[in-house]
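Next, two complexes with subunit A in common: one pairs it with subunit B, the other with subunit C.
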Partner chain A sequence: MHMLAVLSRLAWRNLWRNHRRTLIMLLAIILGTWAMIFMTALMRGMVSQMVADGISSLPGHVQVHHPDFRDDPSVANLINVPDSEIAERFNAANFRQWASRVRVPAVITSEYDSRGVTLVGVDPALEDGLTFVDYREVEGRFLESADDKGVVIGRKLADILNTEVGKRIVLMSQDPDNEIADRGFRVVGLFTASVKAFEEQFVFAGKTTTQNMLRIGDQVSEIAVLGDDYRDVEAEFQKTLELINDGVTVQRWTEVDRFLGTMLGVMDGFVLVWIVVIFLALSFGLVNTLVMAVFERVREIGLMLALGMRPKDILGQIILESLLLLAIGLALGSALAWATVQPIRDGIDLSMVSEGMEMMGVSSVLVPELLLSDVVLANVVVLILGFFASLSPAWRAAQYEPIEAITKV
Partner chain B sequence: MNLVLRLAWRNLWRQPRRTWLTTGAMVFSNTLLVFMISLQFGMYGLMINNTLQAYTGHLQIQAPGYIDDQKMRQTVADILPLAERLRAEFPEQSIAARATGFALVSSADRSYGVAVVGVEPGYESRVSTLPGLVSSGRFLEDNDAAEIVIGAALARILRVDVGDELTLLGSGKDGSFAAAVVIIAGIFDSGLPDFDRSFTEIPLGLFDDVFYMNGSGHHVVINNGGISGVADLKTRVEATVPPGEELVVHDWDALQPGLQQTIKADISSAFFMYGILVILVAFSVLNTQLMSVLERTHEFGIVMSLGLTPGRLGRLVLLETAIMGFMGLVLGAILGGLVTWWLSFNGFAYPGMEEMASRFNLPARFYPEVTLISLLSGPVVVFLFTLLAALYPALRLHKLHPVEAMRAV
Partner chain C sequence: MNKQLLLTAVTMLLAGTAQAQERDATSIVRDAVNHWRGLSSDAVMTMVIHRPDWERTMTMRAWTKGDDRSLVRVLEPTKDRGNGTLTDDNSMWSFSPKVNRVIKIPSSMMGQSWMGSDFSNKDVARADDIVDQYDHRILGVEEADGVTIYEIESIPHEDAAVVWGREVLSIRDDHVVTTHRFYDQDGELVKTLTSLEIGEMGGRTIALRQRMSKEETPEEWTEIAVESVDYDIDLPDSLFTLSNLRNPRE
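Then we have the complex of A and B:
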């Protein structure tokens, strides 16, 4: 233990013998660490947003559908359990939030134009906070109950259809017997969404009203369950499986949208690759610095060996020197990354490229996400790899023959 | 060999390990840059082409405002004569007229709301890849035949096959009721279920009858083959078809704003990463050259007292760096070129890329191409930054006093 203290002090003093070299290396490490963590925070923020927006378009971390609903999301593929019974089972299960909906393709027609849309029949009490529509941001009002006779459409769709709050539109779909099912609705509200495409795609009506229009009695097409953390929905998934598993498919959101599902994994891989690439770029300089430090001190190392210091202590001293350098750089770099994230904590406005971001499924404000786990990962990876990188110069130093080393000029 | 050059070369190899480590840092970054830049810009090209050739084309002539609202009534009058005139004027371009609407298509069992596009059967295959995707049956042939081409997913939902009858119900240009009975001529399979479910094409002549278009349509699409020269073509088209109350010409950037912006967003994040890599290499070089200058203080003192000016010594240091940088450039470009060249035969894939790729109209396996720009742009920038980094040690020489320097150990 005493030896370690001596070695650390030696390593520390040696570092500052050539302060210019140490400072330059330190700067490089700080910059590298900052880049690792800052960039990761930005990318994480982007992916989280992508996932959050993506989940909000098909709200629910765990979803239940008829097995054929995915290929044919229509009135033909409804869940075979009546909604009243679903409500009984799911209300008893203590989920954070859940909702059942009717979701069918429909054609919406105003007196001016018509469009293909997704008609979602919802119970507004169950959906609050679950859907991407913020009830309080709706122009006019959102639906008030499951048998509300009105309809809420997106602002963009309203523009296209030349309609507004208070006007009437017709929704046309089909019932299970393939008869045209249509009904006139009064537009009671216009919603805005962070992803503009949603404003064109989704039309909300009361669940019961929709069921009546489609003549499907008490049936629904979708059950959505919300968990606490979208990264881990296993508990909700298992609980849902226990509640309902006959004649339906229960899916985690990662399976519902494979693009989003793979994004998280791809991101984890990318973070690691990025950290390792930066480290490799740094490692050349690090090894170089150590090689130089050893080279300059050949005589001194020979003297220490001659005085009885064991080779493994020389090894330890050089490695300690390298780890000390890395640790200081990592600490300062991490701190710098934290400090640069603070002023943009609330998000960077990317509206310049908003439509491109939308193509990726992201709204135009990028909120960086600094995860402790990423900071730890960067630090640990750099320290471990740094240890291995410094092995070779340190090993070389430990192998010197004292006599040869002392006489070397 | 010139004396100074020989001196610089010999100086480099006084510390071969250090020189190789510094060069190694450059080779590493250059290899990575060549590979990344080839991959990146190759992907952009593919993304643009695949997206535009699928349907959008490089230029479209539309009614003013149609680009934002896509209302049925925002039409281009006498669209067929217009297309004919353009074809006569620009014989080397692929040009076709289209009209778009929405309708509920019904088979004996089922109905579904879809986009219906009226196309010129003889010309559509030159401006869109869709006709080539018809996997069973054939594409449309006769401009007035009561035929339709639908997607594979829609065919499954409607439980129909080639030769079956479908009913179209929608609203016409004047808001009146539009209906037709059509025979399925072909079924296409794009591999994108959402698209296959919601997109259909019928002949333009039939569209005109069914939707009461009176000879009008929604856009004339021009496929330029590639994006180079589009701006020039746009000017020439605008000379033929003066924009005004009736017509406007939009280029692909206006038609698919997401595309350019996705690329911009991607470029900026990529350039951030490249920048960090380059700066880290510069630090490495700065450190090495500073060390090598400090080591030689004694020696420099002697040559300066013999009459060599600090400026010439500085040039020597810069030359050493340039040689090292040049080795890094050549080796990095060769190595990066080899990696990319190998991948251009074997393809590059990344776990999870398939899902991401299909979102941006890219193939799941990507074959990067080596071009002079992708091969040299990264390494040249690294080279320049290397020289920049060596400026500080080179300029430091001016502060050197020969007598003091000679005393240094």
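Then we have the complex of A and C:
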């Protein structure tokens, strides 16, 4: 223990003997650490946003469909449990939030144009906060009840169709017998979405009104359950499985959208790769610094050995020197990363490149996400790898023959 | 007291007239549709699709029976010969001998153009919706060349599958529709169906040549001219079947 204190003091003093070299190395470590943590936070933020937007396009962390609905999302594939019974079961189950909806492909027509859309028949009371539409941001109003006779469409779709709040449009789809099911609706509201593509894709109408139009009685095509954390929906999944198992498929959102689900998993691996890559660049500088430090002090090390210091203490001293350097760099680097995330924690406005971002399915505000686990991971990985990187110069220093070392010119 | 009574009487009278007028307007429209279609009909028509840089002419034969059944078959040009469209109620099928397939027109295609013309599939399949999915009102009556022309405004019901804000029809007292104007919900005229030639054929006075044109693109129009027509003839039900659409038996 006493030896460790002595070694630490020696290492600390040696570190500052050539303070310019140490400061430069320190700067490199700080920058490297900052890049690891800050960039990870940005990427995490981007992926989270992408996942959140992705989930919001098919809201619900756990979803129930007819087994064939995924392949053919048509009116033919409905859940064969009446909606009233679903409501009875799910209301009793104490979910954070759940909703059942009718979801069919449809064609919307105005006087001037027509477009293919996804018609979603919703009960607005159940959907508040579940859908990506913020009721209070809707121009006009959102639907008021399940048998509301109006329709809410996206602002972009309204521009394309050359229609506006108060005008009528026609929605056309098919009933289960392949007969045309159509109806005129009055546009009561225009919604805006962070992902502009949703404004073109989704049209909301009252659930009961939609059921009547499609002549499907009391049936729905989708049940969605919202959990507390999208990363862990297992509890909701199990509970839903128990509630409904009559010829339907129950899926977690990671299964509904495998791309998003996989991305979330890949991200964790990617963070590690990113940290290791940066460290590899750093390690050349680190090893070089240590080699130089050892080379400069060959005679001194020889003297220490001659005076009776054991080789493993020399080894320890050099490694301590390197770890001290890394620790200071990591601490400052992490602090710097935290400090740069703070002013932008509400998000960076990327609206000037929003079109490109939308093509990736990302909305135009990027909120960095600084996770403690990522900071810890970066620090631990660098310390451990740094330890191994400094082993080689330290080992060489410990292997010197005292006589040779002292007499080295 | 007397004054009030008088006022009430006048109000009631006015209301009564308004009601009578509305009923009248609806029956004028219904009579016009019935007059055009007859109980059944068998007609040969020529359709000209005109665009600024090309024009295309098709001759076809059309049969109708009752309110909701019709069959149209292309006679010329030769390369389109045999193409047919069958409507029954609200459904529509098309057949092309080249692919030898009957295709049911899905709802998503009902708004699209019929055989490349300015008419939509919906215009063809559901021409008689105008009677019962609208509220009709007489806007004005005018005399021209010895015939009375009623101008009728038709406003679609709230839940009717119609995109127009209103339609204005000019119907002569002999049930011939002279113009049919489609307005958007801002009251802007979008397209017009005009009868360019009215004459006698098949024992009735009908529009012999009609043109559909859009306001935004006046250079583009579709004209349908009736070459010959027979009304109220006996047509077998088997005419309006999918198998007859595919394999003509006549």
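Note that the second predicted complex is superposed on the first by the 409 of 409 C-alpha atoms of A that agree within 3 Å, B and C clash if a C-alpha of one lies under 4 Å from a C-alpha of the other, contacts with A are read in each partner's own complex, and residues count from 1 in each chain.
The working rule: contacts are C-beta pairs under 8 Å (C-beta built on N, C-alpha and C of every residue); 3 or more make two chains touch, one makes a residue touch a chain.
Here the structure is a predicted model, which is why all the values come from computation and not from measurement.
Chemist: Please determine, from the superposition on subunit A, whether subunit B and subunit C clash or fit.
Modeler: Overlaying the two complexes on subunit A (C-alpha atoms) leaves subunit C and subunit B clashing.
Chemist: Tell me which partner A:R20 touches in the superposition: subunit B (first), subunit C (second), both or neither.
Modeler: Touch partner of A:R20: subunit B, not subunit C.
Chemist: On subunit A, which partner touches more residues: subunit B or subunit C?
Modeler: B
Chemist: Should A:I180 be classified as contacting the first partner (subunit B), the second (subunit C), both, or neither?
Modeler: In the superposition, A:I180 contacts both subunit B and subunit C.
Chemist: Should A:G129 be classified as contacting the first partner (subunit B), the second (subunit C), both, or neither?
Modeler: In the superposition, A:G129 touches no partner, neither subunit B nor subunit C.
Chemist: Once chain A of both complexes is superposed, is A:K167 in touch with subunit B (first), subunit C (second), both, or neither?
Modeler: second
Chemist: So, A:K149: does it touch subunit B (first), subunit C (second), both, or neither?
Modeler: Touch partner of A:K149: subunit C, not subunit B.
Chemist: Of the two partner chains, subunit B (first) and subunit C (second), which one does A:T109 touch, if any: first, second, both, or neither?
Modeler: Both partners, subunit B and subunit C.
Chemist: If both complexes are laid over each other on chain A, which piece of subunit C (5-13, 23-31, 59-67 or 113-121) hits subunit B?
Modeler: Stretch flagged for C-alpha clashes with subunit B: 113-121.
Chemist: Counting contacts the way the document defines them, which residues of subunit A are shared by the two interfaces, the one with subunit B and the one with subunit C?
Modeler: 105, 107, 109, 111-112, 114, 116, 172-174, 178, 180.
Chemist: Which residues of subunit B touch subunit A in the complex?
Modeler: 15, 17-18, 21-22, 24-25, 28-29, 32, 69-73, 102-104, 106, 108-115, 153, 156-157, 169-171, 175, 193, 198, 257-265, 269, 272-273, 276-277, 279-281, 283-284, 286-288, 290-291, 294, 350-353, 355-356, 358-360
Chemist: List the residues on subunit A that touch subunit B in their complex, please.
Modeler: Counting only subunit A, the residues touching subunit B are 18, 20-21, 24-25, 27-28, 31-32, 35, 39, 42-43, 71-72, 74, 76, 105-107, 109, 111-117, 159-160, 162, 172-174, 178, 180, 258-259, 261-263, 265-266, 269, 274, 277-278, 280-282, 284-285, 287-289, 291-292, 295, 350, 352-361.
Chemist: Flag every residue of subunit C that touches subunit A in the complex, lowest number first.
Modeler: For subunit C paired with subunit A, touching residues are 90-91, 104, 106-108, 110-112, 156-165, 182, 184-185, 190.
Chemist: Taking the touch rule as given, give the residues of subunit A at its contact with subunit C in the complex, in rising order.
Modeler: Residues 105, 107, 109-112, 114, 116, 149, 163, 167-170, 172-174, 178-186.
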